[in-house]
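There are two complexes below, and they share subunit A, which is joined by subunit B in the first and by subunit C in the second.
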Partner chain A sequence: MMVRTLNFYSLSLLVLQPLTFSLVGMLLSRAAGRPMPDLVYNIIGGGVMGMWSGIVFTSSWDIRGDRYTGVLELIVVSPTSLFTLNMIRSFTNVLSGFFSMVLAFLAAVFMYDLPLNEANLPAALVSLLLLLFSTWSISIFLSVFFAASRISGHFVEYLEMPVAILCGFMYPIRILPGWMKTVSSFIPIRWSLEAMNESLLGLANLPYLLGHWGLALLLSFAFIAVTFLMQKKVNDIIRVNGELSAI
Partner chain B sequence: MKNVFFGKVRLYLAQAWLAYHSRFAITNPFGYFTAKFGFAFFLMIFFIFMAKYLGITDPQFIIIGNIILIPANGSMCGLTLSIGDERQWGTLSYVLGSPASRALIFLGKSFFYVLDGFLTGLVGIAIAALIFHINFSQINFRLLILSVFLLAATSTGTGFIFGSISLITRDGWTILQTFLSLLYILVGVNFPVEALPKFFQMVGYSLPLTRGLLAARMALDGAVWESVQGLLVGELLVGGLYILLGYAMFLLIERRSTRSGTLDAY
Partner chain C sequence: MLFTGSEGRISNQTIEVINLKKTFHSRQGLWKIKKKETEAVKGISFEVKRGEVFGLLGPNGAGKTTTVKMLTTLLLPSSGTARVAGFDVISQTAEVRRHIGFAFSGSRGLYNRLTAIHNLKYFAELYAMDVELTRSRIPELLELVGLADRGKDLVETYSSGLVQRLHIARALLHNPEILFLDEPTVGIDPVGARELRQTIKDLIALDKTILLTTHYMAEAEELCQRIAIIDHGEINVNDSPEALKKRISGDSVIEASVMASQVDFLLDQLKQLDGKIKIETKRSIEPEKIILKTRQPEKALELLSPYINHEHIIGMEVRSQTLEDVYVTLIKGQKE
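Then we have the complex of A and B:
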C-alpha cells in the first residue's frame, strides 16, 4: 500500500488534483459572495473526489499494466482467480485512496476549524466504513470491464466524473434534477456518502441513517453478486475466444 | 532547391500525420468523440452543480470556459503523448538517429492536433449552445474562430514542454494532468482571473490560454477587433514563447542524452 500511495502518480491523483477541486469550490464560494468555503462539501468532498479518482485510475492501470507486460495471461491460467486478485487489489486501492480523504478531513479540521461539536461522529464513522465498502464494491465491479477488453476499460475511465456528479461528491444530492436523483439511487456510494456528510453536519437522525446504511449495504452486495456472475462469464469468453491480450 | 523544399514539406506532413494517426488509429468514431468530449463535458456539468449549490445561478461563464478549453486540452494532451510515446515504444532512438530536421519533426507533430483541437472547439461551442440554450446573438463569429484557433495553436507550447519532460521521466503524463487541473483555477475557466489573489493572477497571465480565453469570451459577447487585439497578440506572444521553450528543452534533452548515453534509460 505504501508503494501505491507514496509515488508522484498517486500523490498527484490523491493530493494535488483533489486540492484543485477544493480550490475551485473555494473560489466559486468566494465568487458567490460566501465568506467561508463549505467545509464538508468543498474540502472533505475534494478528498472523496481524490479517493474515487484514485480508485478508477489505479484499478484501470493495474489491469492495463498486466496486459501490457503480458502478466494477464499468467494470472488467468493461475489457480488464483483474477476475481480474487482484483478484490485484493481494489481493497488496496480503496485504502490508498482513503489517504486523500484523511488529508482533506485533517485540512478541514485543523486549517478551517470544521466545527465537530454538532457532528454525530460515531454515525459519521459508520458511514465512512460503509463508504469504503461501497466504493470497494463498485471498484471490483469496474475491474471486470478492465479485464474484458482494452476498449471497455477505456470507457470505464469516463465514469469518473458521471459517478462524482450523480453521487454528489462536492454538493448535496438535493440540488440534482429528479431523474438524476433516481439514477444515483442505484449507486451505493451515494447513500453512504450522503449519510456521512449529513452526520458531519449534525443533520441526520437514526431512521435516516439506518435507511441510508441499509441501502448502501444492500446495493454494495448486489454489485458484488453481479460482479461474481460477470467475472465468470468474462473469464470464459476471454479463454474460449483466446482474445485475452488481443482485445 | 525546389526538391529540398518539397522534401521538407513532405517530412513535416508525414510526421504530422503519423503523430496524429498513431493516437487515434485503433479507435472507432464513438471512442474518438467520447475521448474528445466525454471528460470535458462531464467535468463542466460537475462544476455547474458545484456553482449551483454555492449560489451561482448563471452557469454561462463556466460553460463557455470549459468548452473553450477543449481545443487547448486536445493539443496539450495529444502532443505530450505523441512525444512521450517515442520513448515508450522505443522509437526515440530512430528519431534522434535520423538526419531529418529536428524542428520539422518536432513542430510537425502539432499540425493535426491544432486542426483537430480547433474543429473540436467549434463543435463543442455549437453543442453547448444547443444544450444550454446560450444566447449567441451578439457573437462576433470571425473573432471567435480566430480565438479558438489561436488557443489550439498556442497550447501546443505546453504540449511540447510536457512532451519533452516525458522523455526524461516516466511521470510526464501525470505532471501534465496535474498542470491541466491547475488550469481550471489559473486561466479563468470557472471564474475570472481577477477573482484570484494577486500572485496567482500573475501566474495566470504568464500562461498561454488566459488571454485567448478572455478574447473568446469577448468575441462571444460581440466584441470588435480593436478591443481584443491586445489580448490576441499577447496570447500569440506567450504561446510562441512556450513553443520555443519546448523546442529548446527537446534539443537540450537530446544533446544531454546523446552525450551521456542515457537515451530511453529513465
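Then we have the complex of A and C:
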C-alpha cells in the first residue's frame, strides 16, 4: 500500500484531481451568478470525485499491473482467493482515496469557512463511513470484471464519469432527470453521499437519514453478495479463456 | 511416502495426465463473427513419479506452457483428466494449489519495486503462512538459492539469473511437494544457468518432484530422469534421456568444417559410403559444415582423412549422439 500510495502519480491523483474538480465547480457556481461557491457540493464534492477516481483507477491498475507483471497468475494459484485479495486491496484503495476527502473537508472548513454550526456532524460522520463502505462494495464489484479479461480494465474510463454524474458528486440529486434518479437509486454511493451532504447542510432529519443509511447498507451488501456469487463464474471464465496473463 | 487421492486410491504417481486436451476459442475480424479454434494440446498422456525430475521439451508453441498451466489449475482442460498430488485439476483446484509451486521464466511474476524479502513476505501471506514460520523460512530459502546477501535489494536491481533464483525461492515458500519450472534458464547467461541448474539439483536432494519445461537439451539431459518431447500439442516420445538417444540410433556424429567451395565435391565423395548414413549440411558463413550420422564412423573417417587440409576440411569432430540430435531428428521428422 505504501509503495502504491507514496508516489508522485498517486499523490497527484489524490490531491490535484480533487483540487481541479473543486476549482471547476466554484467557477461554474460563480458563472451561474452565485457570490459564494456551494461549499458542500463544490469543495467536498471535488474530494468525493478525487476519492472515486483514485479508487476506480487504482483498483483497475492493481489487476492490470498484476496481469502485465505475471503476478495475477501466481495469485490465482495461491490458496487465497482473488475475491479475498480484491476485498483487501479495494479497502486500502478506499483508505488512500479517503485522503482526498479529508483534504477537501479541511479546505472547505479552513479556507472557505464552511459553516458547521448547522451541520449534523455525527450524522455526517456516519454517512461518511457508509460512503466509504458503499464505495468499497462497488470497487470490489468492479475488480471482478477487471480480472475477467484483458480488455475489461478499459471500461474504467466509461464508468468513472457516469457514476459521478448519477450519484450527484458535485450537485444535488434532485436536479437530475427522473430516469437518472431511478438508475442512481441502485447505486449505494448515491444514498450515503446524499445523507452526508444533507447532514453537512443541516437539512437531514432522522427518518431521512435512517432511510438513506439503510438503502446504502442494503445495496452495498447486495453488491458484495452478487460479487461473491459471480467470482466462481469469473474464475471458470478466466481458466477457460486463459486471459490471466498479458501474453 | 505414498499419498492417497481423494478417491482413496494410493498412487506413486505424483502427476498423472490422461488424454489431456486444450482448445482455445477466439473470434476474428472486425465484427468478431469468424470463429477460430486453436488446439494447443491434443490429447497428451504421461505420468511423473514421486521425486522424479520430468522434462517437457519442445519448440516454441508446442504446448509446453499450456500443459503446465492446466496442471497448475490456471487453465481448464477442454477434455481429458489430470491429477496432481492425487487431486483432480478440474474439480479439486484448492487441494492441487496447496501441493504445488510454480516458477515462471523471465522477470515476470515478481514486484520489481519491492525487495526480495518483501516479495517473499507478500507471497507467504497469500499462502496464509504462519508469521513465525515465514520469518524462519525466508532466510533459509534465500540461502538455498544463493540470495542470502541480496534479500534487502530491490528486485529491479537483480540480473535475470538472480530473478530466476528468487522465483524458485518463492515457489518453495510453502514447501510444496511438486514444483513446476517453466523454462527456468531462458535468457540467463551460461554461468547463471549453471548455478540455477545446481539449485535445481539441490531441490532434487530435498525429494521434490519437478516438472521442468525447457528448450535446452543439455539442461534436460543433465537434470531429468525422464523426458517427453512435445510438438504441435502432441507428445512424440517419452523416455529416459539414454533410452531416447538409443531409440534414434547408435549412430556417431561426425561434424566437418569445410571450405565452401569444396562442399559439393566432398558430398560426392561421401556417396561412396555404403549402409545407413545421414548427411546434413549447414550452409552459412565460411567454413560450412557437413554433419554425418553413421553407425560406422571409421569408414567415413577413412574416406575423409585425405581431405583434412587447408583447402578442403579444416576441422573435424567425432562425437556420440546428444539429446539435441534426438530432439532435432524428432522435431524435423514431424515437420517432414
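Here is the rule we use: the second predicted complex is superposed on the first by the 237 of 247 C-alpha atoms of A that agree within 3 Å, B and C clash if a C-alpha of one lies under 4 Å from a C-alpha of the other, contacts with A are read in each partner's own complex, and residues count from 1 in each chain.
Just so it is clear, contacts are C-beta pairs under 8 Å (C-beta built on N, C-alpha and C of every residue); 3 or more make two chains touch, one makes a residue touch a chain.
For clarity, every value in this text was computed on a predicted model and none was experimentally measured.
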| item | value |
| --- | --- |
| Subunit C versus subunit B, contacts on subunit A by residue | B |
| Partner chain in contact with A:Met161 - subunit B first, subunit C second, else both or neither | first |
| Touching partner for A:Pro79 - first (subunit B), second (subunit C), both, neither | second |
| Touched partner set for A:Thr69, first subunit B, second subunit C, both or neither | second |
| Touching partner for A:Tyr208 - first (subunit B), second (subunit C), both, neither | neither |
| Touched partner set for A:Val240, first subunit B, second subunit C, both or neither | second |
| Touching partner for A:Leu23 - first (subunit B), second (subunit C), both, neither | first |
| Contacting residues of subunit B [partner subunit A, same complex] | 27, 31, 34, 38-39, 42-43, 45-47, 49-56, 171, 174-175, 177-178, 181-182, 184-185, 190-191, 195-196 |
| Subunit B-touching residues of subunit A, taken from the complex the two chains share | 8-9, 12-13, 16-17, 20-21, 23-25, 27-34, 38, 41, 151, 154-155, 158, 160-162, 164-165, 168, 170-172, 175-176 |
| Contact set on subunit A toward subunit C in their complex | 3, 69-71, 73-80, 85, 236, 239-242, 244-245 |
| Residue ranges of subunit C in contact with subunit A within the complex | 24-25, 66, 69, 72-76, 94, 97-98, 100, 102, 104, 108-114, 123, 125-128, 170 |
